[in-house]
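Right, I'll just put the structure down here and ask away after.
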Amino acid sequence: MKNGMNFFKKGKWLFLILIALLLLPNFLKDEPYVLHVCIIVFVYVSLAQAWNLIGGYAGQISFVNHTFFAIGAYTSTMLLIYLNLTPWIGLFVGMAIAGCVAYVLGFQILHLKGHYFAVATIAFAEIVKLLFLNWRGVGAAYGLSLPLKMPSFYYLMWSSKLPYYYIFLLVAIISTILIYTIDKSKAGMYFRSIKQDEDGAKHKGIDTRYYKLLAFVISAWICALVGTLYAQYILYICPRSCMDIMISTKCILIVLFGGLGTVAGPVLGAVILIPLAEYTRIKLGGGGQGWDYIIYGLIILVIVLYQPQGVYSILRRCKKNVQKMLRS
Amino acid sequence: MYSYYIRGKLKKNVIQVNDGDVKMKKEWKRISFFLMTIMLASTLSGCIGEKEETPAPTTPAPVEDIKIGCIWPLTGDLAAYGAANKRALELAVEIINNKYPDLNLPLAASEGLPNLGGAKIKLIWGDSRGTPEEGRSAAEYLIINEEVVALLGCYQSAVTETASLPAETYGVPFLNPDSSSPTLTERGYKWFWRCTPKAIDWTRNALEFYTDINEKFDANLHTYGIFNEDTLWGVESGDWLEYWADEFGFEVIERVQYPHETPDLSAEVLRMKQANPDLVHIAGYISDSILYVKTMKENNWLPKMVMSGEMIQMSDFLDALGDDGNYFCLTILFPQDLVTTKALTVKLNEMMDERYGKTFDDPSARAFTGLFVLADAINRAGSTDPAKINAAFAETNIPGEKMILPWAAIQFDEKHQLKAGGYVIQQIQDGEYYTVWPWELATRDIIWPMPSWDER
Amino acid sequence: MDLVYLILQVIINGILIGGVYALIAVGLSLIWGVMEIVNFAHGDYLMAAAFFSFIFWSYMGLDPLISLPLVVVIFLFIGFGTQKFVMKRLIDSPTLITIAATFALSLIIRYGFFVVFKPDYRVIRDPLLQGSLHISSISIPIAKMVTLLIAIITMILLFSFLKYTKKGRAIRATAQDREVAKSLGVNVEQIFLITWGLGIACVGIAGAMLSTFYYVFPLMGVTFVLIAFASVTLGGFGSVHGAIFGGLAIGLIQQFGGTFVSPALKDVFVFGVFILVLIFKPKGFFGKY
Amino acid sequence: MLLEVKDIHASYGKFEILKGVTLNVDEGEIVCMIGPNGAGKSTVFRTIFGFLKPLKGEVIFKGESIGNMPTHEIIKKGVSYIFQRDSVFPNMTVMENMKMGAYIRDDKEQIQKDIEVLCKMFPIIKERKNEMAKNLSGGQRQMLEMARGLLLHPDLFLLDEPTAGLAPKVQKLTFKKIKEINENGITIMIVEQNARLALKHSDRAYVLENGKTIMEGSGVEILNNPRVIQAYLGGKK
């Protein structure tokens, strides 16, 4: 009964937040910059959730998520440019291709342990980036500028940020719910046991290879989905910007900051870190210095050294203490 | 999707809470229905509303302060350029906002902009970090939150490309003083102006120069080699060099595309040495150019001439290489020696030196010029209304003597591109930069061909 | 230049640059092998060492070759400090936590130098080591040759230390089985301290030597660190000869690919070979020590 | 009394493994500890050896409490521990492994002499001294581990399942060696899966169940205890 009440309360909170998020743009019509930051936050919520699945739950440190992101962006853009195909189809084609690449890559390297897997993914991501930089067919270093179409739902193109806001919000919510569902499902349990002790999980009869691949592919799907939409939003993609390893790294830092292997972690991390980065960039970066990066580094270091479970666990502890206080 | 999630949770709840479960269910249903309606309505209003809406013009800033947004890479691996431009622009603001009657620059004699009641220019800085997205979000921030009247920037073509998007959307003039990608002005943007030659121009100038050399020295130059980095700028430069080489009857026998800031360039140089062209062009940033010179020396190989972009004029190049940097050529917009005869530039250089201990270099001179072009346009517009400023841009005509750069005049063509204004070619001799081409502007005779490493 | 000379030249280039990679990799490999920590800040320590050399040169007029012992000692202590103040708390943490910690360190070091020294390109002009040896049409740059020499000396010293001294044996023992080493009375914390000290001192040597022929720039570490990762994994982490093998192999692959196929794709060959090795020989070519 | 363990409690994370273990060992004895899997036998050793800090209770060695000492201090007091799992350093030569055994000692000459003595006791070490330890067979590794442990000059030798995974013949040999070591005045404590063999060779024994000592007696007594026979000796005497 009590549990139920807690759930009820939590649900209500989420609902209120959702209302706020839905209504927020009405107050921000004249503040596209804030909208832009919101959109970037949503992008990183989704990407960080994707990373959370493979890294936070299944425990495989992947530095290749930005490649899937780029595959999504490139596929839909190429289809739009050459076949004039709506990004709605491109989106699924991109997801399919990213899924295939993830499957093949994962099949080959997911048996590698810990650092080896991490370094292998870095190498793969670098290879793809270098190939794209030299592949004239996909614009090489020129990148691809999306053809400006009439603003429409069909071409997923608008001149205002508002529709993008809702779309990215939707994607962020979908990915969070997806992770929540996985978290509560049997697969989530398997992922966690793989992360804790892979050999043990194998002994218990869990098909570790299958589940790791599953996490990898789903993670790639989410990244590709966000990639397509991001390309539609930013209207220009090039290997140096959307195959930058910093995208994956940022996801990792966000998840770590928020809380590894929790549903709320990536959301919290993105909501705090992305605006913080924007803020420091504007307030400190303008001085021609690198202070913002230093602050970023210090925050991560402090989190890692003193609170490796992330901010989410601090919040939970605070909540417990408050409840205790209220009770007494 | 979301309401499904909530309801799923509620079901659990409902099973456990016996009292009033029907009531609660109903209530939630109503709330979720209500929310759905709001969501739909606001989405629709957003989508429909934006179609009718023309981009809202930003409200003009108070007359006292004319805010100009500046976007350059202030951090990241190109921050050196950003820092140099920042210094130059601060000096330009100082000159515009205060009385400097002895300087023959537009707006120097008056305090502020006379047609706007002496309004002062204020620079608001945005950091592009050298990445297109950051450049774009910086532009957005500057337009919306800082309500800048116009934008200046962004050095790298890729960044300029994305940063000019919001300017186009919101109808804010964007003046680009230093990106050379030709596509920028081919996009047909209404609010985008560029007061610098395109990449196509300097590649053509370089080939013209070699044609002249062939005539003058009967040098019989024919083969051409290109090093270009794998960035947008590098690839584009390489492509244009190849195009013009072909046009002028040179043969590109080796084109080496290399990864930007790679740890080692031996393979690249060895390949070029193997092909052994008469002429080599380096289209790369300064770090790579330094490494190229060092690696060529290690390999004891030089073609008849090596030319590079204007970035090797940055003081880092000779600081790094010393005498080894001698005899290299560069295409440049702002040859310092040429304008030492010009009292204006001498004076400005002194001011710069006094303030920051640095001198003008090419990017900073271009950014400096850009701000004057912009201020001049705003002044002639007599208002901060973007449309009027845009109109004033079209009529820009700043004569050569009122500029730090050695061009005939600044005027824009119908594509918003600088009309006249080409590159000159400099050669490094005795650790100094001397203009050697066009012949009539030369301050020293060219040393041709460049002496090999053994002969130095 | 005929093909034989060309191939010889490419081999020489590959070995010379491979020596630098090996020197960078060996420190990384040591830390990786003993503590199972991948030091993402390795490239930034390299940059810092190059900057120290530059500072000694520009303020005291000491050539990098002369200030080398100083830099090594400084970096030994920087290594101790890193272990004592940061990594000590993370010894049994999951991989991800250590990656994040070293990445944070990397940001702090990189942009710390960025703030202090501004993003200018610096080169040590007229060092003791310059010019090239020319043997018929083959040229061997002296600075790189001496770097290779010092790399070899460093590695022989390191190898002998690990092989023939008591502390060295303890380091190897700790790398192979931390708990058993502990049960024999090895003070593991002290071993970690020494490991970090040595690992960072190695990269200190690499940085100092690099400054004689490469430009010094706050972001230069990024370019080297990926190559170093590949070298270490190729050779098998935690072994000195593995790092040497990895470094040289990568140097050669890079030079051959770059010269004979395409310079733009030279790193594709490096990473491609590296992934293939990982797939077919996941522990690299050499085991731990 | 050499070692006294008084009611220790210890846990890994949240799981409490030891819930009150009391035992004592006299000088010169061979004491054996038997019990089912997961009873906490190895944990007792790990706690004595300082890998695990007891939550409650005391460990007294030679009249001194060692419960909170770091491992390398405990070793200096004269305790040596051999792991249940394979614990040679695989990529070191046999001789290097031996030298690691003398890591905390500084008397070079004495170490050399000791190694020679041990070589006589375990001839295999001398035979294969320059071979990598990973190339040894299971029994040879067991000998190497014991020899290495003895280099610490222990007063108390903790052996965690010394015969696990070895052929019956080698198991017997191992116990012969254990006896031999004991005859040199070294007190030995054994945890053993092969209860019958172990009890035969020990002076006294303890039975551990669910993290508690439930029985104590001489080796023969325990061997004849009907409950022990039922539970650990397969019902046969």
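Chains here go by letter, A, B, C and D, matching the order in which they are written, and residues are numbered from 1 within each.
The rule is short, and it goes like this: a residue touches a chain if its C-beta (ideal position, glycine included) is under 8 Å from a C-beta of that chain, and two chains touch if they have at least 3 such contacts.
Everything numeric here is computed off the predicted structure, so don't read it as measured data.
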In the contact graph of chains, the distance from chain A to chain D in steps is 2
Most remote chain relative to chain A, going by C-alpha centroids?
D
If you average the CA atoms of chain B and of chain D, how far apart do the two points sit, in angstrom?
74
Cα-centroid distance, chain B relative to chain C, in whole angstrom
36
Rounded Å distance, chain A centre to chain C centre (Cα mean):
33
Let me have the rounded angstrom distance from the C-alpha centre of chain C over to the C-alpha centre of chain D, please.
42
In chain A, what residues contact two or more other chains?
130, 133-134, 289-290, 293
Do you know which chain C residues sit against two or more other chains?
111, 114, 262, 264, 267
Check the chains against each other and report every pair that touches.
A-B, A-C, B-C, C-D
Flag every residue of chain D that touches chain C in the complex, lowest number first.
49, 51, 71-72, 75-76, 81, 83, 87-92, 96, 99-101, 103-104, 148, 152
Which residues of chain A touch chain C once you look at their complex with the stated criterion?
55, 59, 61, 108-109, 111-112, 114-116, 118-120, 122-124, 126-127, 130-131, 133-134, 249, 252-253, 256, 260, 289-291, 293-294, 296-298, 300-301, 304-305, 308
Taking the touch rule as given, give the residues of chain C at its contact with chain D in the complex, in rising order.
166, 169-170, 172-173, 176-177, 179-187, 287-289
Considering only the defined contacts, which chain A positions touch chain B in the complex?
1, 3-5, 7-8, 10-11, 14-15, 18-19, 22-23, 25-26, 30-33, 36-37, 40, 130, 133-134, 140-143, 145, 151, 153, 158-160, 162-163, 165-166, 170, 173-174, 177, 180, 234-236, 238, 240-241, 244, 278, 281-282, 285-290, 292-293
Quick check on the complex: what are the chain C residues that touch chain B?
1, 6, 9-10, 13, 16-17, 20, 111, 114, 118-123, 125-126, 131-132, 134, 139, 141, 144, 213-215, 217, 219-220, 222-224, 227, 254-255, 257-259, 262-264, 266-267
